[in-house]
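Next, two complexes with chain A in common: one pairs it with chain B, the other with chain C.
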Partner chain A sequence: MYDIKALYEAKSVENAIELMKEHPEAKIIAGGSDVLIKIREGKMAGCELVSIYGLDELRGVSMAEDGTLRIGSLTSFSHITKDPLIKKYIGVLGEAVDMVGGPQIRAIGTIGGNTCNGVTSADSASTLLAWDAIVELNGPEGVRTLPLEEFYLGPGKVDLKSAELQTALLIPKESYENCAGFYIKYGMRNAMEIATTGCSVNVRLSSDKKTLERLRIGFGVAGPVPRRARKTEEEFKGASLEAGLPEKIGDAVLKDVEPRDSWRASKDMRLHLCSTMTERAFIEAVSRCGGEIPEKA
Partner chain B sequence: MIVGKSIPRIDAADKATGRTKYTDDLCAKGALVAKICHSTVTHALVKSIDTSAAEAIPGVVKVVTCFDVPEHMFPTAGHPWSTDPSHQDICDRHLLEKHVRYYGDDVAAVIAEDEIAASRAVRAIKIEYEELPFVLDPEEAIKDGAPLLHETFPNNILKHTEIKKGNLEEAVKEPGLIKFDDWFETPTVQHCHIENAICFAWEEGGRIHVTSSTQIPHITRRCVAQALGVDWGLVRIVKPFVGGGFGDKQDALYEPLCAFLTTRVGGRLVKLECQREETFANCRVRHAIRYHIISWVRKDGTLVARKVDCWSNQGAYASHGHSIIAKGMGSIPQLYPCENVEINGWTVFTNIQVGGAMRGYGMPQVTFAVESQTEDIARKLGIDPLSYRRKHVMPKGFVDGFSKNELYYDSFNETLDLGAQYIDFERKFKEYQNQTGDIRRGVGMSVFWYNTGVWPISLETSACRMVMNQDGSIQLQVGETEIGQGADTAFSQMAAETLGIPFEMVHIVSNQDTDVTPYGTGAYASRQTYAAGMAIRGCAEEFKKHILDVAYRYTRMQPYLMDIADGNIVRTTDGRVLMSLGDLSLRLLYDMEQNEHLTMEKSTQIKSNAYSFGCGFAEVEVDIPMCTVKVLKAINVHDAGTLVNPALARAQVQGGMSMAIGYALSEKMLYDPKTGKLLNGNLLDYKLSTFMDHPELEVKFVENPEPTSAYGTKALGEPPALPLAPAIRNAILNATGVPLYELPMRPHLLFKRFSEEGLI
Partner chain C sequence: MSEKQYKLVTCKINGKERSAMVDVRASLTDMLRNDYSLTSVKKGCEVGECGACAVIIDGECYNSCIYLAIWADGKEIETLEGLTGENGELNDIQQAFVDETAIQCGFCSPGFIMEAESILRTGEIYTDEELRKLLSGHLCRCTGYDNILRAVKKAMNERNGKK
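Right after this comes the complex of A and B.
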């Protein structure tokens, strides 16, 4: 039994915005895998909800004429994992969201919810961030877009204005073209797990597969919000794929991350893992891109 | 033979199709809902409670606080009662507490029309506390000046016992002895049974009726009556199907409070269901026990002397108390016989939640400590761990003076043979030594010690009733409970076997009702196939004798010329079927001359006990930079005597192995040192292992029939949870050369130890 004061079911995106304007205290509920838990814990008990779960227009993955991949915010994790466009262009995102919770959660949980809850451990977040995803928002003032990195304001806080709704996540063609990635979720068990820390790396290699044209690294739980390893990315742009490169990159990310001590894991341990995961994810991403890192002599 | 066959569980189809009724399924609509207001401080005196806001919430019927409950105290442990006051469980509980002793202690309760009103009211209760300093660690709690939990227990010592044998002081003077001095730490963990603790209670006919998900209906009746201060016969407990207990429900949990609450609302039906968070924070846990083991060993590995100090973290209330650590202490000089021992154990109150029974009852803890040190001894002496154990473990013919338990067979060597062969232990153990690189493999092993039931420490008893129907089938009733382990199927097989009727003709009355079920103490101590087995066999044999006596009236054959086979009365001299049991039962029941309803009931006391031994092996892969361990292969080998149902036995072992993997690698309840609050009391943050964390769980048996047992059986409920944690620990040592002294061996510990050893 959930302590819910009222539930308003939106009929369309416009209707959802209207409902939120009418009920400014109301929270949006999509799959409910976060919201219902908070209600049950008493944190949101007695709340009003605007449900957008019936808005099929926000479901599915499509490609625009300019090649931009559009993932509707209500698309479930299990849908993303199985989607042919995702598999073809950014398979790593499908793999990352396949590590969320268990099958039931992946069937109900949505990628929009996973980003709007502003949680640093979200399995989709580090990969979306590493692929320069753009957030599409729809509100009383119309549609606006902004980079996902700017969408995150702080722990549990995102740039959603009053009566505004996230409608899609966009991945421009330039972001995914000739590019491959790998995600490592570090957890204390292999299912039903929240990431202790997560690392998503993707690379673009030169046509001869000898040089690193572009390196992007996204982290979860390496700071209050998902974050990119910008300094490291810049430092190794154009680097030759030579022995010892993964270790160097692994060491370099330490200046980009700032995990904290918590009862879940110590800062030292997380720092160690950030390096190790970066190194391993980098090797896998290079391999998926058709590159090879020579063995150490 | 019906005993020994892998007959499908009799409750399988109903459970698989959702037809089985658990406690919540049986609670009538319209029941009032009770919710508990738990303390938000760890150690305090409740100064005042303001319930006015809570009472004003629509739907709230009654708020009961710690100032409204009886002053007398009661025990909760699921032990048989003792008429010897010095052996009775400690009475240290009130239904609600004015002296809060752990974070989450029960201070008040709300009864409301529905769950939402009850939850809102709980949040609206205002409590004023006078906070007291608290202590979470038993070694700290024992010190002079530590915060005191119970006035009658100075230094927070619930109990201290000592086992002393030989002359340790003299023995250690022997020249050339090698000394091993190690500390071992085990964690507080929770059972995580799928069905949370739940009960409902009402008054009817001047009596209090409670339906509860419990392992121990008859014991719970006594605890409820003691808590309420009423005659024991005024309480009735009904036990429906249970979704797992693992020892947590071998305790009176919230049945006493629920029974009390119904009396506060005129006997209306009140349901009290723990949420998962309450199962974690407010039910029972497995005790964290710390061991300091010093062993003096000859170069050939012979144990000359052993000194053990151990401390058990009891938490806030006594529950099962010292019995847990005591069981482990008793095993130490038996598993590896040693002439000179000094073992001291303290069970100490602290301000964490209450330690109770959990699968293994103190043995998972001590098995980890002893089998880890055994490995270290073998390693240091350059003896391979398999040979070391074969040479030094309890030998065939060993008799324990106290329990009179005897190792009748060469069980250890026989089980070790099977386990070592499956894992290819000897070859791999050598191959995996001195590896380099990031990813390394290792194999490890552990033996285990267990006994069956609680004799001679406590009463062992079971009673059985058989009632024959007109078609010759029977209803079978015992006080021993089905809690998911398959007991009902095993009991039915036993009854069919001895009575001589087909399995399908045994209708077991699964649900216990203390008004009608014969007395039995319930599911614990891996006792049921042993204890109930004796009651069932005794009852069935007398019943059969009686049936043959009355069959004479219709067959005119002397009883000693007849037997019952496959549901028929047969003449033993020529095997002729004289009449079916159905014919007999029908004619007898409606006999106008001399009718009789065929029934038999028998109460059986058990004054014996049985060793149950075996071993476990594991192969692991350690990812050193990632600080993770993957279990590649695992096997348990048990000599549990004759298996009543091999398929169920195998499932039972696999369940225990799964629990052991979580205990080894991931499970630990974490308490905030600053506040005393449980940090990870939910299924997300508490890392119960999942089947994605398990390899194929291999099980093998050696079936040496137990001579003292009605059907050759002995303990198989708890022992499966024992060997894998130390086996995995020893496999990590084989892989990396790094010994670990703490559970769980989660990445946090590996990061620390691999850093210390310079591996990362």
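Right after this comes the complex of A and C.
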């Protein structure tokens, strides 16, 4: 038995909003793989819950007429990895969420929960951030959207207003077109392990595959919330793919990150990881985009 | 909790339609063990880490300890008891676990076997590395995993008509 004070099962998105208005203390439970653990640990014991797990309308991946990819917030990691649209347009997201926990966790964990928990190590977050994902929210004031980057307010804190829930993550066409990426998760073991640091890089190359048209880098555990390496991205826009470029980019990201010491790893180790993972993920992303970085002479 | 809250949960368990009034605070492990005496579903860590409580829900393997019982309404659930024949005959994966000595204390076995069942139903042949990843959500404190991997591989090859 879980120490739950009361549980309300939402019948629809509108009903979920109503229930949250009626019970302002209640917390949303989606797959529960964060919430139920916290109840067991005692951190959330005695809480009231609004369950949205039954809302199939929030599951699945689709494409809008304008080409925007829409990932329903309740879509589980295992279903994201298997989804044909994800495989075709943003394969790296399917790969990143395939590194969460183990198979049973990927069956229950949702991408909405992975972004609403505001956790910096969330495996989907760095990739979603690096692909300029947009968060769709629904609440008493109606639907609103905002960039994922702005959705994060601080560790464990996201911009969810009272009685609001996340309904989808959107990836605009401009963001995924002619673009390919790579995600590296560094952990102490290969499965059932939270990332020590995570790095997701994606690139768009010129048609002759010689120039870096766009570079985007997202990090997990390189700061209090998932973050982008904005300065580096700006600095290397338009750079030509020449020997030594990956190393330069790897060095440059050090001014964009601010990891700290934790029991998992020291700050210095994380700084080293940020550099090295950026370098390696960049090389892979370029190669997936059909480009090649010449060997050093 | 001031007033107890219950919900009627109707689902298919090991092929049979079942209904029970369930406390909303119950995990699916609680419901399967307490209401249906399906004690192959083990309570290990109860926080999703060990896989001892794994069951198949609508074809996919889940840790029942972090799955609320009320969510099972309308679902099809399979536990180890459902794999065994009417007179206790072992299924192929169970037999392979015996043959390969993949069982010592046996606490992790139901979870591993349900996971293996969901893996083998895909009909695919996996490499050792792929199998390791597919089985990585389960802990075993006794066997050191090698025999478990060997047993799953043996059952996989047999189902696919190899060797």
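Everything below uses one rule, namely that the second predicted complex is superposed on the first by the 297 of 297 C-alpha atoms of A that agree within 3 Å, B and C clash if a C-alpha of one lies under 4 Å from a C-alpha of the other, contacts with A are read in each partner's own complex, and residues count from 1 in each chain.
Going forward, a residue touches a chain if its C-beta (ideal position, glycine included) is under 8 Å from a C-beta of that chain, and two chains touch if they have at least 3 such contacts.
Quick caveat, the model's predicted, so the values are computed rather than measured.
In the superposed pair of complexes, A:M1 makes contact with chain B and with chain C alike. By the touch criterion stated above, A:H272 is placed in contact with chain B alone, chain C being left untouched. By the document's definition of touching, neither partner reaches A:R59: not chain B, not chain C. Looking at the shared chain after the overlay, A:W263 reaches chain B, while chain C stays out of its contact range. Contacts of A:K248 after superposition on the shared chain: neither chain B nor chain C is touched. In the superposition on chain A, A:A191 contacts both chain B and chain C. Judged by the touch definition given at the top, the superposed model places A:A45 against chain B, while chain C stays out of reach. 1-3, 190-192 are the residues of chain A that lie in the contact sets of both chain B and chain C, per the superposition on chain A. Residue ranges on chain B touching chain A, taken from their complex, read 114-116, 119-120, 123, 625-627, 666, 670, 672, 679-680, 683-685, 687-693, 746-748, 751, 760.
Looking at the complex, you find that chain A touches chain B at residues 1-3, 42, 45-46, 186, 188-194, 196, 263-266, 268-269, 272-273, 276.
Within the complex, the chain C residues that touch chain A are 1-2, 5, 7, 23-27, 30, 46-49, 51, 54, 60-63, 66-68, 70-71, 115, 133-134, 136-138. Remark: chain A residues 1-7, 9, 29, 32-33, 36-37, 40-41, 51, 53-54, 78, 101-105, 107-108, 190-192 touch chain C in the complex.
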